[in-house]
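Multiple structures follow.
In what follows, chain A forms one complex with chain B and a second complex with chain C.
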Partner chain A sequence: MNINLEVEVVNQESSALVSLTGEIDAYTAPKLKDALLPLTKREGYLVEVNLDKVTYMDSTGLGVFVGALKSTKEHNSQLKLVQLQDRVLRLFEITGLDSIITIDSTVRGGN
Partner chain B sequence: MEDFDFIEIKVPAKAEYVGVVRLTTSGIANRMGFSYEEIEDLKVAISEAMTNAATHAYDDKEEGEVTVGFGLYEDRLEVMVADHGGSFDLSVVKQDIGPYQQHESVENLREGGFGLFLIDALMDKVEIKNDYGVIVLMTKYLHENEVGLDDDQISTTQ
Partner chain C sequence: MNDTLDQLPGGFLTMSKEYNILTINQPLLTMLGYTSNHQLIGQSIRTILSKSTITFFQFILYPIIAQKHRADEIHIELKSNSGNLIPALIYASDKKDGEISCVIVPSSKRVEYEKQLIQANKVAEQRLEEKNYINEQLKIALKNLEEKQEELVKVNQQNHKYRVDTQRELELAKKIQETSLTDDIANEQLQIESYYNASHELSGDIYGFYQINKSQYGVILLDVMGHGISSALITMSLEALFQRLISKGMPTDLVLKELDDHLHALFYNNEDAWHYCTAIYLFIDTERQTIEYINAGHPPALYQDSHGQQKELNTSTPPIGTFKGIDFRSTSFSYQKGSKLLLYTDGISEPLGQDKLASLLKENTTTPLTQVKQNILHSLENESNHYYKNDDQCFILIDLK
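And then the complex of A and B:
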């Protein structure tokens, strides 16, 4: 069990793929925020975040994604979350955030 | 008096110990026989309470501790998360909880304040005391749906 968070960013011409591994909580959320926010400030950019290997997330993670979403609206970029594990997706559903943030969970993350 | 085991841990009120409390929670809930889903709910709820305690209570001070108490009963787990460093205004906190509404504009979305809402959604019972610091008391029942079943089984063997 990994209670840290690894953030890997692959930049392409008009998009970035952010792959996360580990747990998102009060301790690791600032690291995610620092990586994610600058990407959303690029005009026209698509920021795709893969949460396949995120085994735990709480409201601190939700807060980071809400902040990133706000930033995309200011900078005309896009945010998309993909491959969420059921437990993580559930938090977006409980809070109603799944109707506001673009989430592609057709391919679910595994354990 | 109802019989129960009690486990208490004290950690510094810092974000890096939220994960430690979460792992402890997971171990205790596993020991008690909670399901995987229930353990995940407990981990989120207790992390939220711990995060609240670590961020709200000691804004102005360097030092501080959060006390987490686990009451292990036959039919439930009671978890108390307490800080003694200060308090927050509960009425203000309550205004901030609730799910997002679809019509809310993105600019107005709040980035915090979801902790208590999630605790409430994931636990069976939540009480907050705001007298000396803040104490959040949360309860989750063990195998709620199986209680009736067990009763039936006992009566048929008599």
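And then the complex of A and C:
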């Protein structure tokens, strides 16, 4: 099992672009959480997460995004997920979280 | 002095018993930097000796010659005409008339070699000392290593004991978790078959099916985020609650709401321990032949009527424990006798795919439920996608008679 996840954060004036590469599971989720949560605590901030290079995600990874979304509600920031691969997008759809988390599925990578 | 002595490769001289030089050959003259033997003949031997050698000559060498009539390979120091000191070896013997003959060989190179030898000896001794020091250090290191190895062995033994103890505890916990699962049901109204397999000893999946009264049943399947001990602990907490709620015949929306509230209360202000849970709850009325359900973020259950027509019981709300204030609304539909239901966690649907599950159900419309279960398990065994081998697996098959 590949347990690597690369997290690249590019901060701008009122937003941050978080690019992820690898797999999000119980082993790598803490790394994502540590990078993502502080960004969502900045009031008015837009946190855009690019999942184009995320090849696998499990329920623990989904939990990180739920936690991040909850944080945006508390801190008046925004979370947006873009370029999800089909396999990852399906996880959001199955759980119904695609209707709650802003997901830009118009530009989407394949598996 | 005859020519033969002048051809010698070393010096030669004779002196009287009063230490005056009587004869001296050319090589010795050259060695001492004199141009003519007249400069030295008749002179005291002291003229060509260093101060230390004069003393040595007087008190040691000459008594030896006087006593033994010869002296071999005695180290002396000559003094040249210009005052330079020349190390040399002297071989001396006396005659009956007291005249002493001396062969003198310069020993500068020998001295140099001796110095080098002494230096080499010193280096060798130094190396030996270093070697001995290193050996001592190695002995100390070896001793330390042996002590560390002993410690490591002890730690390994402790770890082994810890592993054995932990494994024993986990196996006991597994039994407890599996004991909490309800038994399969088979009566004239319905038949329920279940499968439950933890990726580790303990599972994040949990289910329960209860006969509420003579015609009503509650069936619930939950999947707590993650897997392993933490998830299993939460399943046990949820199981205690839903067992009570469902057995009482609590309305479907209230069952989910109570479970949702329970999770929020469990992780109130505890972000690190927070877990969510997908759940699907079915309330089956066999008399009215209706199914009322709520799917909270769980993979869609499959319903198949007696003609093989299928539909998915899709999610209508986010998983429980995610956002406060979720409006849990149930959906109801009527069923026909001979219909089947398949509830599962993502540990089943991810490796097989929902289409495959739908096909398996459709291909086995009239197959006994136990055989359908075996067919699903057989398909799972053939699946080798490594991603999903690490997830808990659980499914429930229901035959509505």
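Annotations
Keep in mind that, in the parts below, the second predicted complex is superposed on the first by the 106 of 111 C-alpha atoms of A that agree within 3 Å, B and C clash if a C-alpha of one lies under 4 Å from a C-alpha of the other, contacts with A are read in each partner's own complex, and residues count from 1 in each chain.
Here is the rule we use: a contact is a pair of C-beta atoms (placed from the backbone, for glycine too) under 8 Å apart; a residue touches a chain by one contact, two chains touch by 3 or more.
As the structure is a computational prediction, the values presented were derived from the model and not from experiment.
Once the complexes are laid over each other on chain A, chain B and chain C cannot both fit and instead clash. Contacts of A:Val49 after superposition on the shared chain: neither chain B nor chain C is touched. In the superposed model, A:Ala26 makes contact with both chain B and chain C. Once the two complexes are overlaid on the shared chain, A:Ala16 sits clear of chain B and of chain C alike. Look at A:Ser59: by the touch rule set out above, it reaches both chain B and chain C.
In the overlay built on the shared chain, the residue A:Ile100 is in contact with chain B and with chain C. Of the two partner chains, both chain B and chain C are touched by A:Lys70.
For chain A, the partner touching the most residues, choosing from chain B and chain C, is B. After superposition on chain A, the stretch of chain C whose C-alpha atoms clash with chain B is 165-173, while the remaining options among 39-47, 165-173, 183-191 or 363-371 stay clear. Overlap of the chain B and chain C interfaces on chain A: residues 1, 26, 56, 58-60, 62-63, 66-67, 70, 91, 94-97, 100.
Taken in their complex, chain B has these residues touching chain A: 15-16, 18-20, 22-23, 40, 43-44, 47-48, 50-51, 54-55, 99-102, 104, 106-107, 109-112, 114-115, 117-118, 121.
The part of chain A that touches chain C in the complex is made up of residues 1, 26, 56, 58-60, 62-63, 66-67, 70, 91, 94-97, 100.
Partner chain B is touched in their complex by these residues of chain A: 1, 3, 23, 25-27, 56, 58-60, 62-64, 66-67, 69-70, 73, 87, 91, 94-97, 99-100. Per the touch definition, chain C reaches chain A in the complex via residues 223, 225-228, 271, 274-276, 278, 296-300, 315-319, 322-323, 346, 386-387, 390-391.
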